[in-house]
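Each structure below is given as structure tokens.
Both complexes below contain chain A, partnered by chain B and then by chain C.
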Partner chain A sequence: MSYLTKRLFRAILVLLGVSFATFMVAQSTGDPIALLVKANATEEARAALTSHLGLDQPVLVQYGLFLWRAIHGDLGQSFLYNQSVVGLVADRLSNTFLLALSAFAIALVLSVTLGVLAALYRNTWVDAAITAFTMVGLAVPAFWLGLMLILVFAVIWQVVPVSGSEEASSLILPAITLSMQSTARLCRLVRSGMIEVLNADFIRTARAKGLFEGRVVWVHALRNALLPVVTMAGLELGDLISSAVVIEAIFAWPGIGRLAIGAVSSRDFPLLQGTVLVSAFCFVVINLFVDWLYQRIDPRVRSA
Partner chain B sequence: MTSGPILTRRQLGQGAAALAILMSLPSGAFAQTGPIVIASEDDVSTLDPHLIRNNHPIGSVVWSVFDSLVRRNADGTHEPRLALSWEQVEPTRWRFKLREGVTFTNGEKFDAAAVKYNFERMNISPFNTESQLWPQTGLTAIEIVDPLTIDLVTSAPTINMLYWLEEAFIGAPAHLKDTPADVAGAKPIGSGPYVVTEWLQGDRVVLKANARHWNGEPAIKDVIFRDIPELSSRINELKAGSVDIAVGLTPDTADGANSDKSKAVAVAGLRKMHMGISCNGIEPLKDKRVRQALNYAVDVKTMVETLLGGQTKPIASIVNPPNNNPDLKPFDYDPEKAKALLAEAGFTDFEIPIAYGRYPAAKEASETIAAYLEAIGLKPKIEAYEPGKFVEMIRAKAFTGIYYYGWASLINPSVELVILTSDAVDNSNGYNNPDYDALVKKASVTLDDGERQKLLTAAETMIWDDCPWIYLWYLPALYGVSNRLDFPVRPDDYVEIYRAKLKA
Partner chain C sequence: MTSPLLEVKDLDVHFGALHAVRAVSFSVAPGETLGVVGESGSGKSTTMLAVLGLHPKRQGTVTASRLEFDGEDLLSKSDRAMRDLRGRRVGLIFQDPLAALNPLMTVGRQIGEVLVRHHGLDKHASRAEAVKLLERTGVPDPLRRAAQFPHQFSGGMRQRVMIAIALAGRPELLIADEPTTALDVTVQAEIVRLIRDIQQASGMGLVWITHDLALMARVADRVMVMYAGAVVEEAPVDRLYATPRHPYTAGLLGSIARLDQPRGVRARAIAGTPPSMDQPIGGCAFAPRCPLRFDKCTVAPPLIPLGDGVRAACWRLSGEQA
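And then the complex of A and B:
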């Protein structure tokens, strides 16, 4: 089996494991009917709803049905919304992706630029300023940063909306907030990678050949310094999707994180399983993509 | 190849100047002429008129888009809506005259058949878990007398028909019949003052005034219900002028809503916060003297002033005003008397579990009460519950000590008292008093207003003294409201936006 086929096989196992774990953990939290209906609903009404939702079946039968339908692209009906989980998740997932990918783009551009600058101007005030920036970026909790950005840019200056998703500019603050931690982490990685590579023999050779410094730094050095960054960036993207949960709440961004929180607190099992499974799927795909990218950048992995 | 700077210094300077101008814009730069925006913590999960899971925001939107036969006013009185008049032609038969010429917004006609279809839909699963009309009124049959007259037949005389009709909303019948339930819940068609024009789930519901509403077009033409889960973001939106009503502020954050654009508005809600005292749990709590001692031990007045910023008041009866017995008064804070009562009952230093779930300030309230109980020699043990688990415990009557709970946003003495009768499904503390049961049951079938009031007052007075709860306070309903808006707040959480007006 080739490297990628092996990874693909493992990915399917991971998804199966996740679906089973989510299903069982959700079931163990208690009876969703208690949260779903009014306190004074009659016993008959409760019983009818229980059987309508299929909750009177043995747990393993429920899981089997869930799996069978999932393979056919049907994740069931949300208890709370009375709508198909696939539709709900698809709507929200695109919003979360938009947010996470915007943050990811900001993080990549900022971290590579700042990281390279810090490495080039090592031990000068530029380096010190960038290092200080990354320290602050790492130390400041995202929710606090979000609230401060809202206060300054949305309440005092009013150049962007406080929250929501109605206008395109609504994306700016949540994306910046979300990107901050990743920017800081990646920036430090780029900096140390670049410092190491810039001291390598092949860079000295490149410079000796008379190549432009720009080409030496941005092509020869950066390409080699990026290898650990790619792995890390893959993890960061997954991290961004999960961190989006907090950011979505602060900025009232209608993403999958808020859907998942609602599903947990109301014990909406199908919706909970749907959001977790889809998120897990995204993680797995991102990891597969990183593996593939790894091969492209570093030919040594291909033969491994 | 030379790589010059991407931006000249001059260009940079211009950019900075533009940015500075942008940032120095006065905060009123966004003109307030747009729609009225209401921001709520919770998401509108469905707009099926028969699946109203909460008063706000689902109830508030349903009240705007649908009409009921009768509408409940903020003071509990009944306003004729789709019904013009009603009478109890027999003790078990209510007759309603319906409004003529009303159409649903899809063109369907409103008549007795529409009412019958809607009410019958409420009695089938899953709608019968939320719609309470049938079980609470004992409704057994709906008979169409003529297209504009309908009879509701009950198994026994009921005094609560109007109350439950006020939560029974009428949707366009053919639309409800012909569309699958999930689509009907997403595309609501009613005859109310507004129509839904856009609904982005988890984000906003956009409403437009119904120009053909039988009561005339409402004053506010465009309304948006937004979902903003984070409290500080709701307040920030209010300050930025982009939200007009922020729902669900807390006592410690309400002051944040007082800005040059908005103010905080508090109304003592109708939800009666209390510590339910288990009557089927630990032994000492089965003794009335111990339950009274707990009430004397807690300084509710001080808690209201400090913990809740004085934004509400202690409850003085299990029945909400204006129907309560005015002679009843909150228990005094008297720890000595509490100790004496405990000594008299022979229970002086027992361990007492205190449970709390999800209500605002539940932790703070529980901890303060624990301190008060410690001061009279008890050994309180605080237990925090996940909200879902808490609800399950309530339903199973499984708490053995006391638990922080709220009941309920009602303005109807019969409904309020019935929850503590021994066989009520929502009796959560196992309180069982046959004398009280008898009074409440008798009242519920007594049609003479004066007679019934006497029975209710007797039951109300009896239970107050018997202390099934540590009586606390009305959960304050706190709103942030824009200065451009005249908005009458209700104590029962419904936002009646069709009653709001823009200030001149």
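And then the complex of A and C:
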């Protein structure tokens, strides 16, 4: 089996596991009927609704049915919105993707630039300032940072909207907020990777060839330093999609995270399963992409 | 005598408190091979890296009363001018070719970028030239090999790639830093032959760093023996092996296991270990391990000229023995 086939096989196993776990956890949180019907509803009405939703079947049968439909692209009907889950999720997913990918782009550009600078000027004030920035980035909770950014840029200076998604500039604050932690983590990884690689023998070779320092740093060193960063960045992108939940709530961003929160609080099982499964699916696809990318970058993996 | 290609006088290298190279002087003429021997940490590689300005400025301080390549002062050269020199007029080969090659770049590009940088070739032309260089260094199937990565090569083939990189600029001086140490014995012989053939064909000066005395006897014209960052003896190769003048050199030669030795006679190791380099060394650095030391050895001996190009730093040779 090739490297990628193995990864693909593993990805399918992960999705199965996730679907089963969410299904079981959701079932154990309580009875959705109690939330769906009025308090004074008759016993008959309750029973009718239960059987209509298929909740009277054994749990494993329910799961099997859910899985069968999911494979065919049907994640069921939302109890709450009375719409197809696939439609609801697809609608919101593009917004979450827009937010997460913007944050990801910011994180990549910032972390590589700052990480390389910190490594080149290590143990100077430049390095100290960048390290301090990453410490703050890691320590500050996203919800607090989001509120502070709203206060400064939307309320006091009024250069961007407070919340929503009506204008293109609405994306700026949530994307920056969301990117902060990833930027900090990746930046540290780039810095340590670069410091290690800059001491490598092949960097000495590059200098012995008389190459310009720019080529030594950005071509020879950076590509090698980025190997661990690529793996980490894949995880970060997955993390960004799940962290978006909180950010979406703060900035009233109509993404999948807010949909999931609503689904949890109203025990809308199909919608909850749908959002989690779709998120997991994205995560798995991203990781597959990273594996493929890694193989493209590192020839040693390709021939292994 | 022809004017030297590389001339170094009183070279000192400090890394903070560590005095790694101590007043080292030597010269290399075109077409000549200078062998540099000494145990690990004796400052052999550090000396050569310092000459080429390859120590990061913030880490090491390099001083010398004279440091000239082809009559040009290297100490006053700008960073840019040193980069023009390295890879073009001076080539370097390192000990471990796997670590010394970029794992993520095809060997063709790693050779070709020297040509792009120094000879103004474009990517396409540099690729074709890289294939020719691989062929010249004895890599079979060079066209296909140029597109491969270092991990796809054997140790000996990697060192051929390294040599191709060093030769790409058509250097006048080649510095080979233990080029065969990491290789199998059979491969070693091939690499040695390759480097010597290339030197004979091009007439370049060669500095060959090694701790392999048997190898040195075959490749060098002159040998410089280093101990604790300083030169203890320098002599034409036949003189050095016939009559080593410094006790350390004699100890080194005595420590070689020989097949023609009678059974039961063991190679003798030099007792003790080299001094720590981060403290000032009072007197002769070798004195604590020297079987011939006497009261004068508490003062550092100068290199004493002994005729026929032999120099050695030992008071026993000064004619004022106790």
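Throughout what follows, the second predicted complex is superposed on the first by the 304 of 304 C-alpha atoms of A that agree within 3 Å, B and C clash if a C-alpha of one lies under 4 Å from a C-alpha of the other, contacts with A are read in each partner's own complex, and residues count from 1 in each chain.
Throughout what follows, a residue touches a chain if its C-beta (ideal position, glycine included) is under 8 Å from a C-beta of that chain, and two chains touch if they have at least 3 such contacts.
These numbers come from a predicted model, not from an experiment.
Novice: After the match on chain A, would you call chain B and chain C a fit or a clash?
Specialist: Overlaying the two structures gives chain B and chain C room side by side.
Novice: Now for A:R300: first (chain B), second (chain C), both, or neither, which partner does it touch?
Specialist: In the superposition, A:R300 contacts chain C only.
Novice: In the three-chain superposition, say which chain, chain B or chain C, touches more residues of chain A.
Specialist: Counting contacted residues of chain A, the larger count belongs to B.
Novice: Roughly how many degrees, to the nearest 10, is the angle at chain A when you join its Cα centre to the Cα centres of chain B and chain C?
Specialist: Approximately 160 degrees at the chain A centre.
Novice: Which holds for A:D91: it touches chain B only (first), chain C only (second), both, or neither?
Specialist: A:D91 sits against chain B, while chain C stays out of touch.
Novice: With both complexes overlaid on chain A, does A:F212 touch chain B (first), chain C (second), both or neither?
Specialist: In the superposition, A:F212 contacts both chain B and chain C.
Novice: For A:S182 in the superposed arrangement: first (chain B), second (chain C), both or neither?
Specialist: neither
Novice: Based on the superposed arrangement, let me know which partner A:S279 touches: chain B (first), chain C (second), both, or neither?
Specialist: Once the two structures are laid over each other on A, A:S279 reaches no partner at all.
Novice: Contacts for A:R267 in the overlay, against chain B (first) and chain C (second): which applies, first, second, both or neither?
Specialist: Once the two structures are laid over each other on A, A:R267 reaches chain B alone.
Novice: Using the touch definition from the top, say if A:S102 reaches chain B (first), chain C (second), both or neither.
Specialist: neither
Novice: So if I take every C-alpha atom in chain B and every one in chain C after superposing, what is the smallest distance between them in Å?
Specialist: 12
Novice: Between chain B and chain C, which residues of chain A are contacted by each of them?
Specialist: Residues 212, which sit in both footprints.
Novice: Under the touch definition given earlier, write down the residues of chain C that touch chain A in their complex.
Specialist: 49, 52, 54, 82-88, 91-92, 94, 96, 99-105, 113-114, 117-118, 149, 151-152, 162, 165, 169
Novice: Would you mind writing out the residues of chain A in touch with chain B in their complex?
Specialist: 29-31, 34-46, 48-49, 52, 77, 80-84, 88, 91-92, 147, 150-151, 154-159, 161-166, 212, 214, 249-252, 254, 258-259, 262, 265-267
Novice: In their complex, what parts of chain A are in touch with chain C?
Specialist: Result: residues 200-202, 204-212, 215, 220, 223-224, 297-300, 303 of chain A touch chain C.
Novice: For the complex, give me every residue of chain B touching chain A.
Specialist: Within the complex, chain B touches chain A at residues 1, 3, 22-25, 27, 29-30, 43, 45-46, 48, 51, 53, 125-126, 128-130, 132, 135-136, 181-182, 185-186, 200-204, 226-230, 232-233, 236-237, 239-240, 242, 386-389, 391-392, 394-395, 419, 424-426.
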